[in-house]
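Labels run A, B, C and D following the written order; every chain starts at residue 1.
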Amino acid sequence: MAMIVELGLQGLQMLLVVLIAPLVLGITRKVKARLLRRIGPPVLQPYRDIWKLMHKEAVLAHNASWIYRVAPYFIFAATWVAAALVPTYATALLFSWSADLIALVALLGTARFALALAGMDVGTAFGGIGSSREVMIASLAEPAMILIVFTVALVAGTTQLSAIATTFITASVGLRVSLGLALFALICVGIAENARIPIDNPATHLELTMVHEAMVLEYSGRHLAVIEAAAALKLVLYFSLVACLFVPFGMATGEKTVGALALGMGSYLAKIFVLAVLLPIGETSVAKMRVFRYPIFLGGAFAAAALAVFLLFVSRGF
Amino acid sequence: MSVPIELLLLLLVPAVAIVLLALVTNYRLGAALNVLACALTFGAGVGLLFVPRMRSDILIVDDFNIFFVVLTTFIGFTTSIFSATYIAHELETGRLTPLFLRFYHAMYQAMMLAMNVALLANNTGLIWVGVEVATLSTVMMVGIYRTPEAIEAAWKYFILGSVGIALAFFGTILIYLAAQEVLGEGLPAMAWDRLVQNAARFDPRMMSLGFVFLLVGYGTKVGLAPFHAWLPDAHAEGPTPISAVLSGLLLNVALYALLRFKMVLAANPASLNVGAIMVVLGLISLFFAAFMLYRRRDIKRLFAYSSIEHMGVAAFAFGMGGPLANFAGLLHMTMHSLTKSAIFFAVGHIAQVKGTQRIAEIGGLSVTHPVLAVGFSFGVLAIAGLPPFGIFASEFILISSTFARQPVLAVLLVVGLLVAFGALILRLQDIVFGDPKGPKDPVEASYVPLFLHLALVLVAGLWLPAAVVGWFRAVAVLLG
Amino acid sequence: MGSLAFDIAHLLAGTMLVLSFVLLYQDRVTAVLNVFALQAIVLALSVAWQSVAQASPHLVVTAAVALVVKGFIVPAALHRIVRKLDIHREIEQVIGGGVTMLAGLALVALSILLVQPVGEVNIITREDLAFALAVVLLGLLMMITRRNAVTQIVGFMSLENGLVLAATGAKGMPLVVEFSVAFSVLIAFIVFGVFVFRIRERFDTVDVSALDSFRGERSDRI
Amino acid sequence: MAVLVGLGCVAAFFVVSALTLVRGPFGTTFVYGASGAIALVGLVVGATQLLAGTASAVILPLGLAGLGGHFRIDALSAFFLTVIDLGGVVTSLYALGYGRHEAAPMRVLPYYPVFLAAMNLVLMADDAFAFLLSWELMSLASWAIVLAHHRDPANARAGYIYLVMASFGTLALLLAFGVLAGQQGGYAFDAIRAAPPLPLAAALAVLLCLIGAGSKAGLVPLHVWLPLAHPAAPSHVSALLSGVMTKVGIYAFVRIVFDLVGASAPWNGLLVITLGGITAVIGVLYAILQNDLKRLLAYSTVENIGIIFVGLGLALAFRANNMGWAAALALTAALLHVFNHAVFKSLLFFVAGAVLTATGENSMERMGGLIHRMPRTAVACLVGCGAISALPPLNGFVSEWLMFQAILVSPQLPHWGLKLMVPAVGALLALAAALAAGCFIKAFGITFLGRPRSPAAREARETDGFSLAAMFALSALCVVGGVLPGFFIDLLGPLVQALTGDVLPRQAGLAWMSIVPIAESRSSYNGLIILAFLIFSGTTTAIVIHRFATRATRRSAIWDCGFPLAAPQTQYSSSSFAMPIRRVFGGAVFGLHEIVDMPGPGEMRTGSFRVRVIDPAWRFGYGPLARYVGTVSLRLNRLQFLTIRSYLTLVFCALILLLLVVAAWR
């Protein structure tokens, strides 16, 4: 019986992240449109887009291989699993221990691996551009991410997300320099990983600096739908990561009573909403960067995270 | 006391052979006789292993020289086999005439005789005579092609050798003077064993002074830099069998003489520390030869320099002293003479089939002559100190034991060896690999001596007979 | 052994040393040859005296060999060579005569320095030894300071005179006679070589053409 | 007993090698078949010993005079025996097919078994002489094979540099043994263990061993030979060189530093960690720049060696500070990575060989689209690339994850240098991991995806059954090692126990077969569930869409934003893929020169773009050294051309000098 409940809660989280993903995307778009004095599409538009795409026939290039067709599902699956493992409304879910923060980063890496290959499969110039730039960005973002992981892990003494969240709620961690730096770094990395301004512009095609869109240029129909969904999911994942690591408050940590869970759910949704509003505000206030300025941007994130780790290595007090 | 028959044979067989070979006109018969005489000498040498050790004031058989006698006669024997086929080819190509062959064979035996005398002598003067005669006979053979280069090389060898001989003689006199005060006049004052027994009572200054002259004198024969000048050209210009015996035997015999004297000094703690001097000379020779190897264009001169290098290593080992280093030195001498003569056999084949000694004109040997290439490569790899060949064993002991005592010296030694290694492998690849150059006609000379030597070196690298180890240990102790 | 014996031996040895210096000083081939012959004769005398002093008659043979071979035959042969190969009379030296002299003096000092402290060896042999060593070194010096084949041979032979002096000085040394004979053979070889290979200026040019043709890979140095 | 069987295997290898000289029946098939069988026996021996955890030793009347040949199999040797003979088995299997393409088999066949034999012998050797002898024999045999295609001057150069570097390493090890054996020359390993060296001597030994073993393993800056020699050999031997022989280098380091030297100073660990981190990054950066597939793989070997050395260095540091459990963790990570790298690097070299024979091309610039021509090979390659890029749930990730866990416990180290260096190295490892992923995205994408860039690639044929069998065996290992890492970790238990005095908690018992290196609350990973999750969610998504939405699919021409270019040259090429990385890291790490020659308007000549990258190790280390040797030898060479008089002068001066010495001495 308990097992059933556990499974149920885990399943609930999986469904939750998938279901809210397009909504979050819609909110960000709406806010952004408003900031640009536009009406903007309705908040639920992303659901409609995905639904429409799913019912269109998929057009494949003649020389597209099985990788091209499998990749979308694989990317979606990897992202989904990763998202499902980040504590959202409650910690210590059934499978939460099956992968820690490092494994999470690696899972996203797996998804990226598949995406980059998919971009190269048909053999177009755009796909190549996208993949090679994605690799470059990842090679800078991933070390930063690992260092962020080090920071929180060193503060919390564990790499288990649930355990980290619990410690941050219960134990008196307080405000720390290192955690502040880590947060900054995580935001930078998140922006880069989710192809947001100033690194990439999700709203455009045929812009020579595009990265993510370039890789998926050839996709259409259901494949495109799955990829879009995966992108949205990834955004949610990073939101929940920020929420879980830095504002874990309200999460159901102890006994999983209905009340606790409800509180956790409510607080989670609230956090996500806030982040979804904050992101476009940030985006609209900066301009898109040239490709070869990315290293400076991500280097900043890397430096911040590295500084945090050094501080912690020198003394746990920071 | 009775002189064993083997001992007499060792001296008589070559002596008789000289006369016979000088008379025989048919060169095939001459070559056969030469082989036969060497075989008999070798047999006598082996037989000597089974007679009890003996001494007289003239001759001696002890752990030290018995081994070198066997080694020398053996290499002399194998070389004579090689020479038989080699010379035939030289005759066809018209580089030699039957008359010169008679001379050549006689000289060959003269050299064997001289070396046996030098090795068996229990007398500082007699060993000097032996080395001098050996030198003169090899001078004759180096110049035998009568090309300007050959004559020049022979002449250079002759002059430098004579000066060396003279200086060595002066040293011998000084040692005699030192001994005569204690042992009285006459032969006893020149006998090895007596000298070693009583060295403690000799005047150390006189001995040290004498040893310096001996070092320069015999060092010239050993080919230690800077007394080496004759060696490369003599090796390069003479017939290849002579290069083989020069590197394989003559250098050894000269070093043997030097070691005998070192024993005497080692027996007198008050005397000059000659070890340091030998270490320095050894290192100089090693580095000098190692760098010289890079610019060589003549294949035989290349390996002549490598002989200088290895003599340097041996001198270094004996200079270091101590049971381990001395053991390594003796092993190194043995392995080097076996390996180097094998290499010269291979080089002889190569030079004959390719019709040149210039490395630039030899290439892709492994394509044209696979077997020869294998033999040659094994030889070079062995001389470069790679396992599983014998030289690796000696260098292993030498380097590791030195590093525990004198790290800096060991590092220097390693650097020198590495430099030489680089040069040797470079040339090896030039010769054996790449696109084939030159004629492809098969080798008619026999491979037996080459692979026999290589097999011996290989076995010695993996396993040494207890008897040999015993001798080496005993001698290593005496060398101090 | 009386002091007279000592004085005579000493005198003769000293004479040889002086003659070595004269050799070093000479700069005309014929003169060099004559001086050398003189030195050989003095050597013969000293050896003979040693045979008397040491009461070892076999040394007489050595003396005879020295006298005949080096005193007369070899100089004569060399004179002939000089005439036949018409080697120009002047000897060009590598370093100036004065410097050579100084170097020679330094060598004598060195040899005395080396032999002087030698302990128990009896006085005659020690003195002789010092002179002999000096003669040897001077001979070597002469070999390396002269560009002329004949004078180089002379240098070698005077070196070897020093050896014989030392050998005979060493009391009761066995085989001395044999050694002196062996050396004479050696010298004969050298003279023979010079004559046959028509060596003019230097030992190491058999023929002028040999110079650029070979000399150990000169043709193809990098 | 076991060691006797092992030695028997070695002997058998030599017999096989000797039989090749007898022409006729003993050809390619025989050699590789026999070698595979013998290696299998060796594998069994190693595995059983590893499971048994006991040591078995023997002394043969061979070897150095008065020393004898000591041979011994303990847990450490057993583990490496397993790794190496596993490599031997699969390589032989692969070679059964691949070896047929060899133009001159007699340049490979005789040396192949000797190579395997030598590697086995190194692991069994229990005295310095036997060790170095088999060590150098290993280099020698592989050198002969590297020169199999000797007519190409580049290969000859590679072979030359290889042998010289190998000999350099051997001499360094020889010195290390010299300092360990002491003046009496106790060359047997147990004698060395019995007499632990003084601190200074220990440090010296570690340093020399780092040089000696590092040069064999490919530690920067001693790696220069590796990317030259490994690709030069026939591909199956490249697999042995890269996947297996480098591990022998690791073995030498572990054996000497952990086993023989015993306790050593913390800064030793610091040094090793630093070198390892640098090696990892340099290696992968150069890997991503390569256009030659095999050279790319060789450089990636350098990277993985760096990762392993980081683990070893951490273990050293922990052990020096009496943190046994942490040392155990780090050592486990390193050794697990040894195994994993052996598996996937061999696999990738097999793929490279298959592609090579199928297309006849070395350069990826002339490949592409091979996934259509060689689908099975592509699958194997994909698994290999995923594993080497440390993607969960494959095996590469497990060792990397353990490595990070080890780094995360290092703040507890007291040593300041370590405190500062370890996090930096952690960042370097992360960088290396990310770049490695990029590198193998490129390797797979350019080779197998896209459109064929040359007719040869268009006409490529799927490779033979033996090769595929070998590849798929290794792919299976990659998956199993990633999904069930617990068993492999437990296998390492006894050996880690022996070397660090501590051991990881037993994994096999844990629920769901997850791994927990330190404590459940601290960190845990479960490849099995991750895999299950991935399959579950992926398939559900697919089913849902295909069931409830449409499954209609249409094939058409490439869209490419409306203006597709037919020429395959318009695809991204290998070098253009690497361009961003080249730009970002270019100035700092590579001596990068991009020579662009763009014809002006109206000019008829063709434009050109060339990239020149020089390894700093060459620019600052080996190049000047070679030039120095050259000049010195040229100077000295004058001495060959003097006149006799000058030579006499030399003798004279030497004599006077010595006489002065005598004069001064008294």
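Note that a contact is a pair of C-beta atoms (placed from the backbone, for glycine too) under 8 Å apart; a residue touches a chain by one contact, two chains touch by 3 or more.
Because the structure is predicted, anything quoted here is derived from the model rather than measured.
K.L.:
Could you tell me which chain lies farthest from chain B when each chain's centre is the average position of its Cα atoms?
P.N.:
Result for max centroid distance from chain B is chain A.
K.L.:
Roughly how many whole angstrom separate the Cα centroids of chain A and chain B?
P.N.:
78
K.L.:
Determine the centre-to-centre distance between chain C and chain D, using the mean Cα coordinates as centres, and give it in whole Å.
P.N.:
Each chain's C-alpha centroid was found; their separation is 69 Å.
K.L.:
Suppose each chain is reduced to the average of its Cα coordinates; what separation in Å results between chain B and chain D?
P.N.:
That pair's centroid distance is 44 Å.
K.L.:
With chain centres defined as C-alpha means, what is the inter-centre distance between chain B and chain C in Å?
P.N.:
That gives a centre separation of 31 Å.
K.L.:
Indicate the residues of chain D shared as contacts by at least two other chains.
P.N.:
Chain D, residues with two or more chain partners: 634, 637, 640, 644, 648, 655, 659, 662, 666.
K.L.:
Considering chain A alone, which of its residues make contact with at least two other chains?
P.N.:
Counting only residues that touch two or more other chains, chain A contributes none.
K.L.:
Do you know which chain B residues sit against two or more other chains?
P.N.:
Counting only residues that touch two or more other chains, chain B contributes 155-156, 159, 163, 167, 205, 209, 232, 295.
K.L.:
Name the touching chain pairs, would you?
P.N.:
Those chain pairs which touch are A-D, B-C, B-D, C-D.
K.L.:
Which residues, counting only chain C, touch chain B once they are in their complex?
P.N.:
Contacts found on chain C: 114-115, 117-121, 125, 129, 132-133, 136, 140, 143, 156, 159-160, 162-163, 166-167, 170-175, 178-179, 182-183, 186, 189-190, 193, 197, 199, 203-207, 209-210, 213-217, 220-222.
K.L.:
Sort out for me which residues of chain C touch chain D in the complex.
P.N.:
Interface residues on chain C, with respect to chain D: 94, 107, 110, 113-114, 117, 137, 140-141, 143-144, 147, 152, 202-204, 215-218, 221-222.
K.L.:
Give the list of chain B residues in touch with chain D in this complex.
P.N.:
It comes out as residues 155-156, 159-160, 163-164, 167, 205, 208-209, 212-213, 215-216, 220, 226-227, 229-230, 232, 272, 277, 288, 291-295, 324, 327, 331, 364, 366, 370, 381, 384-388, 392-393, 396-397, 399-405, 407, 410-411, 414, 417-419, 421-422, 425-426, 429, 433-435, 461-464, 469, 472.
K.L.:
Considering only the defined contacts, which chain B positions touch chain C in the complex?
P.N.:
Checking each residue of chain B against chain C gives 125-126, 129, 132, 136, 148-149, 151-152, 155-156, 158-159, 162-163, 165-167, 169-170, 173-174, 176-178, 180-181, 185-187, 190, 203, 205-206, 209, 232-233, 236, 295-298, 301, 358, 360.
K.L.:
Could you pull out which chain A residues touch chain D in their complex?
P.N.:
14, 54-63, 65-67, 73-74, 76-78, 80-81, 84, 95, 97-100, 102-103, 106-107, 109-110, 112-113, 116-117, 120-129, 131-133, 135-136, 138-143, 145-147, 150, 153-154, 157-160, 163, 205-206, 217-218, 221-222, 225-226, 291-292, 295, 302, 306, 309-310, 312-314, 316
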